[in-house]
Amino acid sequence: MDDLYREVIIEHYKNPGYRGHLDPHNIFFADNNPLCGDHIEITIQINEDETVKDARFDGHGCAISQASADLLMEFIIGKPIEEVKQLNKQDILDMLGIDLGPVRLKCALLSLKVLKAGVYGLGEASDSLVE
Amino acid sequence: MDDLYREVIIEHYKNPGYRGHLDPHNIFFADNNPLCGDHIEITIQINEDETVKDARFDGHGCAISQASADLLMEFIIGKPIEEVKQLNKQDILDMLGIDLGPVRLKCALLSLKVLKAGVYGLGEASDSLVE
Amino acid sequence: MSLDIKAIRSHFPIFQRETSDGVPLVYLDSTATSQKPLAVIEAMNNYYRRSNANIHRGVHTLAEEATALYEAAREKIARFINAPSARQVIYTRNTTESINLVAYTWARANLKAGDLVILTEMEHHSNLVPWHMLQAERGIELDFIPVTETGLLDLDAYQTLLARSPKLVSFTHMSNVLGTINPAAEIIRMAHEAGAVTLVDAAQSVPHLAVDVQALDADFLAFSAHKMCGPTGIGALYGKAELLESMPPFLGGGDMIKEVKLRSFRANSLPHKFEAGTPAIAEAVGFGAAVDYLASVGMDNVTAHEQDITEYALERLEEIPGVKVFGPSAQHKGGVAAFTLEGVHPHDVAQILDKDGIAVRAGHHCAQPLHEKFGIPATSRASFYLYNTKEEVDLLVNGIYKVKELFG
Amino acid sequence: MSLDIKAIRSHFPIFQRETSDGVPLVYLDSTATSQKPLAVIEAMNNYYRRSNANIHRGVHTLAEEATALYEAAREKIARFINAPSARQVIYTRNTTESINLVAYTWARANLKAGDLVILTEMEHHSNLVPWHMLQAERGIELDFIPVTETGLLDLDAYQTLLARSPKLVSFTHMSNVLGTINPAAEIIRMAHEAGAVTLVDAAQSVPHLAVDVQALDADFLAFSAHKMCGPTGIGALYGKAELLESMPPFLGGGDMIKEVKLRSFRANSLPHKFEAGTPAIAEAVGFGAAVDYLASVGMDNVTAHEQDITEYALERLEEIPGVKVFGPSAQHKGGVAAFTLEGVHPHDVAQILDKDGIAVRAGHHCAQPLHEKFGIPATSRASFYLYNTKEEVDLLVNGIYKVKELFG
């Protein structure tokens, strides 16, 4: 219909491959977008060589936030943690393959914000993590 | 030069006929225009038949305020107090023979305000006296 | 009389635009802010091109023109709400500042720890947070008139609350989410019987209904120009004269004073006492033009037209499977339809509609506690004003079907 | 480089008007408010005609455009004063509200009875009354840096005052009466050495001088759009990030919150924490356009041009018998000449000049204590901006001779 809701987004929203919860896990983090109540939490398992062994997200919210989370989990599996730490806004936009206005950008970046707060071991997720 | 500063105004400002102070007097009142610091005080003597026997103003300020005061004193001498109580904005404008914007109107009406507060025996001069 | 909508739409330049190539604007977000007729835009334009000057103390021609325009607008606004006098209309930035002004001045001068302020569960954040702040600072108590399942205020519960001798009842005349038009005159009468002062959040009522502050017997009433065809940056607070006169000033500075010494000042008379510094002069001029515009259309016509569209919109929306509209039936309601669509987040609904040029808002609409009450984080909201049409409702409905298909 | 004044004047539509038949406008009242270039008027025009919507929470095209325009303007303003980041620029209504914001939040959170606030004898009422109010409410102490006979601040006396450990030094960067440009960086450095926070009333400096908040090391700095080619209804407060972050919010309502419950709220991050309710959106867009306009002319060029005119004006005015100009010599002074004419009240001067289309202001210019200090109730004030010319100074001088003749 239009590039904002490319099939891939709707598909990942309706049939996410990485929704769930890993137990045991090495990293857990959760946060929400106060503007719309979107919620994302992630669990991650890490290999001895500091790469991502497995990753899952859970939560609720709009198609953009949930599809981004699913795409992001898919993307990071197998990647070195150091590389995960470098991910930024543009990487998410590339995964989604679309452009977003400032309000929806927050939805798209929620999972990355949660992920980075988790891998950096921070107490709080801040917007500056994904700028 | 122009109708605002008609000769009569400049003349009454420069050579006022009724500047001064009456002693004894039946009425005294003073007030200023806080916007520009203009000050007017009046003293009035009253006849047995409730007409104005004599009237004087004193003070300082712009030509409009001082000339209006002089013209007003001249006008009320001999008039019944009841008639003085009825004087209003338009009477002053008629004496001056000009039209004024809202700021300068305050200057023009200061002496009337003071006069009316005096003849009504009020504690304070209010703008509503001259509307 | 029904409005000539085609003529009305032609007064609003924005309807000439397309949101993207070939896609005209379907603006259904007037509850957030209204569009502006040319008359309002041009009034400000002319002000800046011909009369711009600072007001009140100037003697020169421009200053006198600007002062006259600024004060003439106040007279118009006073007449529009039937205020007894223009000096009871204080210019503020918006409804929010109007309410805060009361909270900072009247309330801080009159409320002490333990004093009760009654609000409602359907308040906009603007009529919640100022009281939260006062609660934290002063220890006042807050209680809330509950909202029923159908989106009305529970007046029996209100009667019970009134037994606790509130000092203030502050409530919205019309909900910006449910659309509920509250029985303001009755709420005020009951408050007065209990000895309380009243504040009406009229952000949504003054733009859409004929509001008469004297008929309501409102003590304070707050509204914004930008929601009633006027500019941003200006709003108003109406107040009863004896209340406004008894209140301490709010912001200190130029124009709100009679006299200033190095270490003290005397406050000016109304309305200037509450207008510190150079005010929103051009915006006041635009506000006056907006009021002229609405008066020329006729507020009863505006209301009737919105009622008509709203009825139609509710009918059409409710026939869509999965759509749930919040709030009461059309007869208790202004031109607002907040809804959820099963399985689709409101942000997605709004964004997909936007691709067809349809502007609706998604979120909590600055009424988070109300959304919490109904157990939802957000809604999509379509809202209607004098320039909207039934055809636009049809476009909205078609759009929602498209969303369903996409997510189906 | 000298300005191409003819080109500049052509940017300002108001100069096409006549004040009365055949009498062109000679606008010498920019210290009260400046005129607006077409670019500013058109920016707001276009906003209302194309992009008008409420900001921040909207998903639709118009809301995103409006939000982007509103925030882009903040970036421009931040760059204009060299703020480290745009979130340190808070939109307010005007300088007056900016100062009050600090008085209501930072000061009420940090000052207690007996704490000293240092002001100066040349302050505008906007930087006096908020502190008078706090003095009455809290029992803070006020003291004043004296003004010398020549209209400069007495920095020795200031040094002595600093020994009393003030909590705040709040002062005007440039006097709107004397024109004095105060040594702000030095005043701030001395305040910091004494452990005080500083607030700069930059209402007259940001419009006329290149102001760099980081070079000044100002803690707070307040200014108004309407004095710098921008619209009425909007101003700004700059603050250091750690101060702004530590301050409680000011007005409560929409947009300034992160989350609202029925009985509590969490404040939003900067700058939104201090911007409650629908802001002056069109005005922010106009403010941004004003800053663009001034930047395109170049602030150093603006200053140099004003300096040039002011020198000429002082020379010409002082040659008129009976005229006394207040304030320091041209080298310490911005484009302001406040004067008295012996035997003629300033109101009469202004009114008679107005008949020749010459707009000057008469009164105490919201600086009553300063006038009292100089033993006069009022002055006439001519002030200059980038669009004024030496020919206009000549017209002013001829006008004053006419006044003298009339009253001679």
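To keep things simple, chains are lettered A, B, C and D as they appear, and every chain counts its residues starting from 1.
The rule we apply is simple: contacts are C-beta pairs under 8 Å (C-beta built on N, C-alpha and C of every residue); 3 or more make two chains touch, one makes a residue touch a chain.
The structure presented is a predicted model; accordingly, all values stated were derived computationally and were not measured.
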| item | value |
| --- | --- |
| Contacts common to chain B and chain C (chain labels) | D |
| Remotest chain, chain D as reference, centres from CA atoms | A |
| Averaged-CA centre spacing for the pair chain D and chain A, given as whole angstrom | 47 |
| Geometric centre distance via CA averages, chain B-chain A, whole Å | 80 |
| Intercentroid distance (Cα basis), chain C paired with chain A, Å | 38 |
| Junction residues of chain C - those touching two or more other chains | 57-59, 63, 259, 347, 351, 362-363 |
| Multi-partner residues of chain A (at least 2 other chains) | 35, 103-104 |
| Residue ranges of chain C touching chain B (in the complex, touch as defined) | 56-59, 63-64, 67-68, 71, 258-259, 269 |
| Chain B residues touching chain C - in the complex, by the definition given at the top | 34-35, 101-104, 127 |
| Residues of chain D defined as touching chain B within the complex | 344-348, 351-352, 355, 362-364, 377-378, 402, 406-407 |
| Contact set on chain C toward chain D in their complex | 13-14, 17, 19-20, 25, 27, 29, 32-33, 35-36, 40-41, 44-45, 48-50, 52-54, 57-63, 93-97, 99-100, 103-104, 121, 124-126, 128-133, 135, 142, 144, 224, 226, 231-234, 249, 251-257, 259-265, 276-283, 347, 350-351, 353-354, 357-363, 365-366, 368-369, 372 |
| Residue ranges of chain B in contact with chain D within the complex | 1-2, 4-5, 10, 13-14, 35-38, 61-64, 103-104, 107 |
